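You will see chain A twice below: alongside chain B first, and alongside chain C after that.
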Partner chain A sequence: MAFINPKTKEVQIKIVYYGPGRGGKTTNLEYIYSKFNHRIKSEMVSLKTHGDRTLFFDFLPFDIGKVMGHTLKVQLYTVPGQVKYNATRRVVLRGVDGIVFVADSMKVVREKNLLSLKNLHENLKDYNRSIFRVPLVLQYNKMDLAEQGIPLLSYERLEKDLNTQLKVPSFPASALRGTNVAKTLKKIISMTLPSLQRNLKKEVVN
Partner chain B sequence: MSYTLESKQLEAIEDLLQHDLIDMGVTCVILIDMAGNIIANLDSGERKHDIYSLAALAAGNFGAVSAMAKIIGEEEFSLLFHKGKKENIHFSRVAEDFLMVSIFGNDVSLGFLRLKVAETIKAIRSILEEITGQ
Partner chain C sequence: MEKNENTFTEKVESILDELFAEDDETAETVEESAHVGYYPLRFLKATVLSIDWEITDEVMGRFIDQVERLKEAHQEDKTILPLLQMLGSTGQHIRIFKENAHPTALKVLKSLYLSLEKVMSETAPSEVEKSRLLFREIRKFKALKAQIVEGNLALANRVKPAVVQAASPVEETAPVVTTSDDGDGNAILAAIAELKQFVETEIRQLREEIQSLRTSA
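Showing the complex of A and B:
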């Protein structure tokens, strides 16, 4: 739930990277942090286990310029992907403005993508939000693994599996190399803006 | 989905936080929503904290602790407080969707802080009720 501060002329929006464990959610944020660190004033916060898996969330805030005279502060979060951490995922999803679903393109984890997407649907329902109405972008990660001969699901297969009903923008990507990472982020930010602009207009009128 | 507070409401909240808490010796007060957005933040100018990370972690932490409370059959825990060597941090829920985080040194007693926080929250609640319509 974006917050508009008319006093400081600042808007804060929350974007959550969701998806199965070891799918590359944290890698997305790490790439963004390394690539755009000149714009990011604070450190990236990572709450990890000893095994380097996300335990609670990663957090990365940064400014991306102005919308109707207001500074736009984007706050990126990831969730822990492992099935057992559902309570934590639900906590992080609270008040979300936009979601990037990072799917793992490896053939062996096909089922995990489906389960994670179903889990997102259910967790949103707990907050009376619908997966069909929340701004959502799909990212099919790990496309670079094809070069190493690892069997991957094709873009068409992933679309059929995950995007038949949703019909949202989707990108094949490699979070490790940065392929389509910025594009995914730009897309989800642009999708959260329309509802924000409506409220900003009201704000300007007042 | 987004929401906004009017400038005069924000000003009233900031005046309250300044007068009731910062002027009483509290180092830093942040009012956030449960999504981790910062609504107001005031400090005594002594220290500069990374308040955006602090807000994200505070909202996450509060959510986690509330979930723990429910597991053991409690609605919520009434005292959420971390004690450090020099700085301490106190969390308090303000209405359904907001959380107040106060950072204070050892020169302010916890009892006094809780009293002031309770008074401030009562006043903030009535300001917030105007927008949330609760």
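Showing the complex of A and C:
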């Protein structure tokens, strides 16, 4: 649920990029930061390991303007994708308003996508949240690798694997090139709006 | 009421459209750098991209082979050869240390590759630009080397001589964290435990590295 500060009239929307290790979660944020920084005017914070992997999380906050008398602030987080950092993932998921699941389209990591989605499902359950009710967008990343002759899972296969039950919006993407990165972000923010509006109304009534 | 809801959503969506409109030249730059136009580098590029997902002996071996092959073909070129030599050395460092390689090593490797791609493209830059590019890469490469040495020395001064233990993967040694209690405090403690475990493993591996350097000296 979005955090509303009645004193400062600020609303914070927390979006978490989730998915298997090396899937492109950080690359999504890096692209957003490098391409739109002149408009969002923010700083990205990253904590990485020796091998350039996300250790704790990446964080990119920005304002999107004033609506209904409140300043809307969006906070983008990534989680470390490596299996061993599950406690960190769980902490980052706390109070999440929307999730982008960044799946890796490479055939060789098919199972990692499934395991990571299952892990998201379980971690959300720990907060009494259902993966079927949280605003969620699937992003099938690394589609550009087809040009390099790398065997990829087709969009249909990925849909069947990951989205048969969820039935949420999904985008084929290339975070490295920026293809559908902004679209994914816009979609997930839009999906958080109905609940945000409800909460804002309650706030006004109170 | 429904109209109000629509207005709210529409307003935010229109702000988002403005904020994230992709109509400036940045998109071109990204596309351009990802463009594979020069055939001799096609395989090397695929390998450089592979390094981004998984650093394995197989990938790094393939990378070194391709660099060696290109070195033979460009022995006379005063810009391409040094770039390839630096690519090879950086690749060797990553091959040896894999995920524990210096954090900027991958960035330096990618930057070297992109410069190589520019120099070898059909629309190659002028000689002056080539030299400028080369010097820039040499500076980055030297800085990386200095950082690696500096990091090792700093650690050697900090860490007391200790019996070197065999490194074991974090997954195997990680303490079992109880998460049955869903309280935030426990979750944060578990995250800190992961972090602590990671730092300990990094230090252990660096100790081994120092020890092996001492032995070989």
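Quick notes on this structure:
The criterion applied here is as follows: the second predicted complex is superposed on the first by the 199 of 206 C-alpha atoms of A that agree within 3 Å, B and C clash if a C-alpha of one lies under 4 Å from a C-alpha of the other, contacts with A are read in each partner's own complex, and residues count from 1 in each chain.
The definition used in the following text is that a contact is a pair of C-beta atoms (placed from the backbone, for glycine too) under 8 Å apart; a residue touches a chain by one contact, two chains touch by 3 or more.
Predicted model, so just to flag it, every value in this text is computed and none were measured.
With both structures placed on the common chain, the touch criterion links A:122 to neither chain B nor chain C. In the superposed model, A:199 makes contact with chain B only, not with chain C.
Of the two partner chains placed by the overlay, only chain C lies in contact with A:186; chain B stays clear of it.
In the superposition on chain A, the chain among chain B and chain C reaching more residues of chain A is C. When the shared chain is aligned, chain B and chain C each come close enough to touch A:91.
By the touch criterion defined above, A:68 reaches chain C but does not reach chain B. Look at A:3: by the touch rule set out above, it reaches chain B but stays clear of chain C. In the superposed model, A:150 lies in contact with chain C only, and not with chain B.
Counting contacts by the rule stated earlier, residues 56, 87-88, 90-91, 94 of chain A appear in both its interface with chain B and its interface with chain C. For chain C in complex with chain A, the residues that touch the partner chain are 5, 8-9, 11-13, 15-17, 19-20, 22, 26-27, 30-31, 34, 36, 42, 45-46, 49, 52-55, 97-103, 106-107, 170-171, 174, 177, 179, 182, 184, 187-188, 190-191, 193-195, 198, 202.
Residues of chain B that touch chain A in their complex: 1-7, 10-11, 33-39, 50, 52-53, 56-57, 59-60, 63-64, 67. Chain contact summary for the complex, chain A toward chain B: residues 1-7, 11-14, 42-43, 45, 56-57, 59, 61, 73, 75, 77, 87-88, 90-92, 94-97, 195-196, 199, 202-203, 206. The touching residues of chain A, when paired with chain C in their complex, are 22, 31-32, 34-36, 39-40, 48-53, 55-56, 64-65, 67-68, 72, 83-85, 87-88, 90-91, 94, 104, 106, 109, 126-127, 144-145, 147-150, 176-178, 182, 185-186, 189-190, 193-194, 197.
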